[in-house]
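You will see two complexes here that share chain A, one where it goes with chain B and one where it goes with chain C.
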Partner chain A sequence: MIQPQTYLNVADNSGARELMCIRIIGASNRRYAHIGDVIVSVIKEAIPNTPLERSEVIRAVIVRTCKELKRNNGTIIRYDDNAAVVIDQEGNPKGTRVFGAIPRELRQLNFTKIASLAPEVL
Partner chain B sequence: MRLVKCWFCSSTIYPGHGIQFVRNDAKIFRFCRSKCHKNFKMKRNPRKVKWTKAFRAAHGKDMTKDKTFEFEKKRNRPERYDRNVTENTLKAIKKIDKIRSAREAKHIENRLKPNKQKKLLDDKKEHDQHIHLVQAPGSVTGKIKVDVSEKKSVQNEAMEE
Partner chain C sequence: MQSIRGSTRLLQRHRFSISNTLRFTSSSTSCGSWSENESRRLGFDSFPCTRAATYLISSLKNVGFSSSAIPKQNFTYSSRCFSTTGDSVQGSPESDCVVPQRIKFKRLDKTAKHIMQIVDKEAVEEVRTLREIPEIKPGYIVQLKVEVPENKRRVSIVKGVVIARRNAGLNSTFRIRRLVAGVGVESMFPLYSPNLREIKVVDKKKVRRAKLYYLRDKVNALKKH
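For the complex of A and B:
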């Protein structure tokens, strides 16, 4: 349940450390974003000497939420933090590595590159 | 479909039940119901929470070492489907279940057996020491035993006089 002003961790090595959600891509007044949704965010904290800098506006896809993810087979998965992977306009990740566990849903939503880079797909 | 065990209480989790929590190091904790989930969030140690299987195993209340548990171990190698093997496995599951529960019951029975005698002695002691809580000290209940021969000698003496 990510909404504007939510801080998210960054789960890749693109250079950003922390993002703040500004807007949810999709419907015009969509309230919350879940796993697999693309958000517009501003970089609140960045690693020095990387292409991404603080207060840059970029897009990201949410990969982990503290709010439970419900699957069709009845399983419910909850992560420990809210995390996103920085993305470009097409949907390709900006970084080359992804950290942490990634849910299977991303593969079905055409984020196959992220799913293939993930160390663990749950 | 796979039946898994609850991380907290060790009961089986059937499909559609419970929540899985994925920690940041990708370790998965499965819970059978919100009771176990909430206890986990409270950072309780299942080995110290009395109603969990972990506690019972750690304190010797339940049987832990037995050959019947070997059958249930998770094997990571997938088996090639063979109709006969499946049929025999299904039959074996029922039989092993029966044997295992009989052994578990026996384990608990053996654990409680020496206490029965002790309980009897304790009850007897309590009766002897604390009967005054139930009956007044001077009250007479039951028959009093009198030695007949003594009485007779007294009577004879009286008559002689």
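For the complex of A and C:
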């Protein structure tokens, strides 16, 4: 349940380290974003000497949330942090590596590149 | 149901008047006509002659008969009028209508709950005979083989600490906490899910809680507990 003003970790090596959500892409006045939703965010902290800089507005897709993700077979997955992967307008990740575990739902939502880069798909 | 409740309330209200009126009438009237007189006096005419109501009337009469002999035990007898144990009142019912053996039956919503319990137990028994499901308590370190239907492979050996267990019949679930690629992940599985191919208890840790949610704040390696 990510909403504007939420800080998210960055789960790739694009250069940003922390993002703050500004807006959720989808319907207007959409309140919360879950795993697999695209958000507009601003970079609050960045690694120096990378193409991305602080206070830059970019898009990202949420890959981990502290709020549970429910599956159809009755299982529930809950991560320990909120994390996102920086993407461009088409949906391709800007970085070349992805860190941490990624849920399987991203593959069905056409983020196959992110799912294939992940070290562990849950 | 309402008539029973109403009649018992009437009985309680007329408890005192019973002792007074019956002393006068018991000597003069016989068995059959007494019941009609008394029923009319107490207004039992309005109630339908249900099985329970006739039982109450007969026990009420027994109150009347015994009250003349032992006036002090009036109140205990009348308070036993609406007990559910059959034939707790002394004396055979010498009533006009035949009183069959009182059958206990639950309210409909209680019966429905009971049926659901039975159905649930049967379903659990069925699953238990199919697969061997060991006992899982919080604090155990458990290794699962979870089948993922979309991949069609026997993926994911899941190994972690059981931090919670919820008992709800067939819907019993348990939560496992583990470290995956540097990120803590909690998964909840239904205990009787057909996707859980195998559950193996690897280790048991001593814990003093049923739910180990405090582990979320502890940063050290989760499996070490």
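Definition applied: the second predicted complex is superposed on the first by the 122 of 122 C-alpha atoms of A that agree within 3 Å, B and C clash if a C-alpha of one lies under 4 Å from a C-alpha of the other, contacts with A are read in each partner's own complex, and residues count from 1 in each chain.
In this text, contacts are C-beta pairs under 8 Å (C-beta built on N, C-alpha and C of every residue); 3 or more make two chains touch, one makes a residue touch a chain.
Since we're looking at a predicted model, the values are computed, not measured.
Engineer: Chain A superposed: clash or fit between chain B and chain C?
Structural biologist: Aligned on chain A, chain C clashes with chain B.
Engineer: Just chain B (first), just chain C (second), both, or neither: which does A:5 touch?
Structural biologist: Neither partner.
Engineer: Tell me the contact category for A:104 with respect to chain B and chain C: first, second, both or neither.
Structural biologist: Touch status of A:104: second partner only.
Engineer: Quick check on the superposed pair: does A:80 touch chain B, chain C, both, or neither? Answer first, second, both or neither.
Structural biologist: Both partners, chain B and chain C.
Engineer: Under the stated touch criterion, which partner chain does A:119 make contact with: chain B (first), chain C (second), both, or neither?
Structural biologist: both
Engineer: First (chain B), second (chain C), both or neither: which does A:49 touch?
Structural biologist: After superposing on A, A:49 lies clear of both chain B and chain C.
Engineer: Between chain B and chain C, whom does A:28 touch in the aligned arrangement: first, second, both, or neither?
Structural biologist: Neither: A:28 stays clear of chain B and chain C.
Engineer: May I ask you to decide whether A:89 touches chain B, chain C, both, or neither, giving the answer as first, second, both or neither?
Structural biologist: The answer is neither, since A:89 touches no partner chain.
Engineer: Show me the chain A residues, by the header's touch rule, that chain B contacts in one structure and chain C contacts in the other.
Structural biologist: After superposing on chain A, chain A residues 64, 68, 73-81, 100-101, 119-120, 122 contact both chain B and chain C.
Engineer: Write out the stretch or stretches of chain B touching chain A in their complex.
Structural biologist: Contacts found on chain B: 15-24, 26, 28.
Engineer: Considering only the defined contacts, which chain A positions touch chain C in the complex?
Structural biologist: Residues 64, 68, 73-81, 83, 99-101, 104, 119-120, 122.
Engineer: In their shared complex, at which residues does chain A touch chain B?
Structural biologist: Going through chain A, the ones touching chain B are 64, 68, 73-81, 100-101, 119-120, 122.
Engineer: With touch defined as at the start, can you tell me which chain C residues reach chain A in the complex?
Structural biologist: Touching chain A from chain C are residues 148-150, 156, 173, 180-190, 193, 195, 216.
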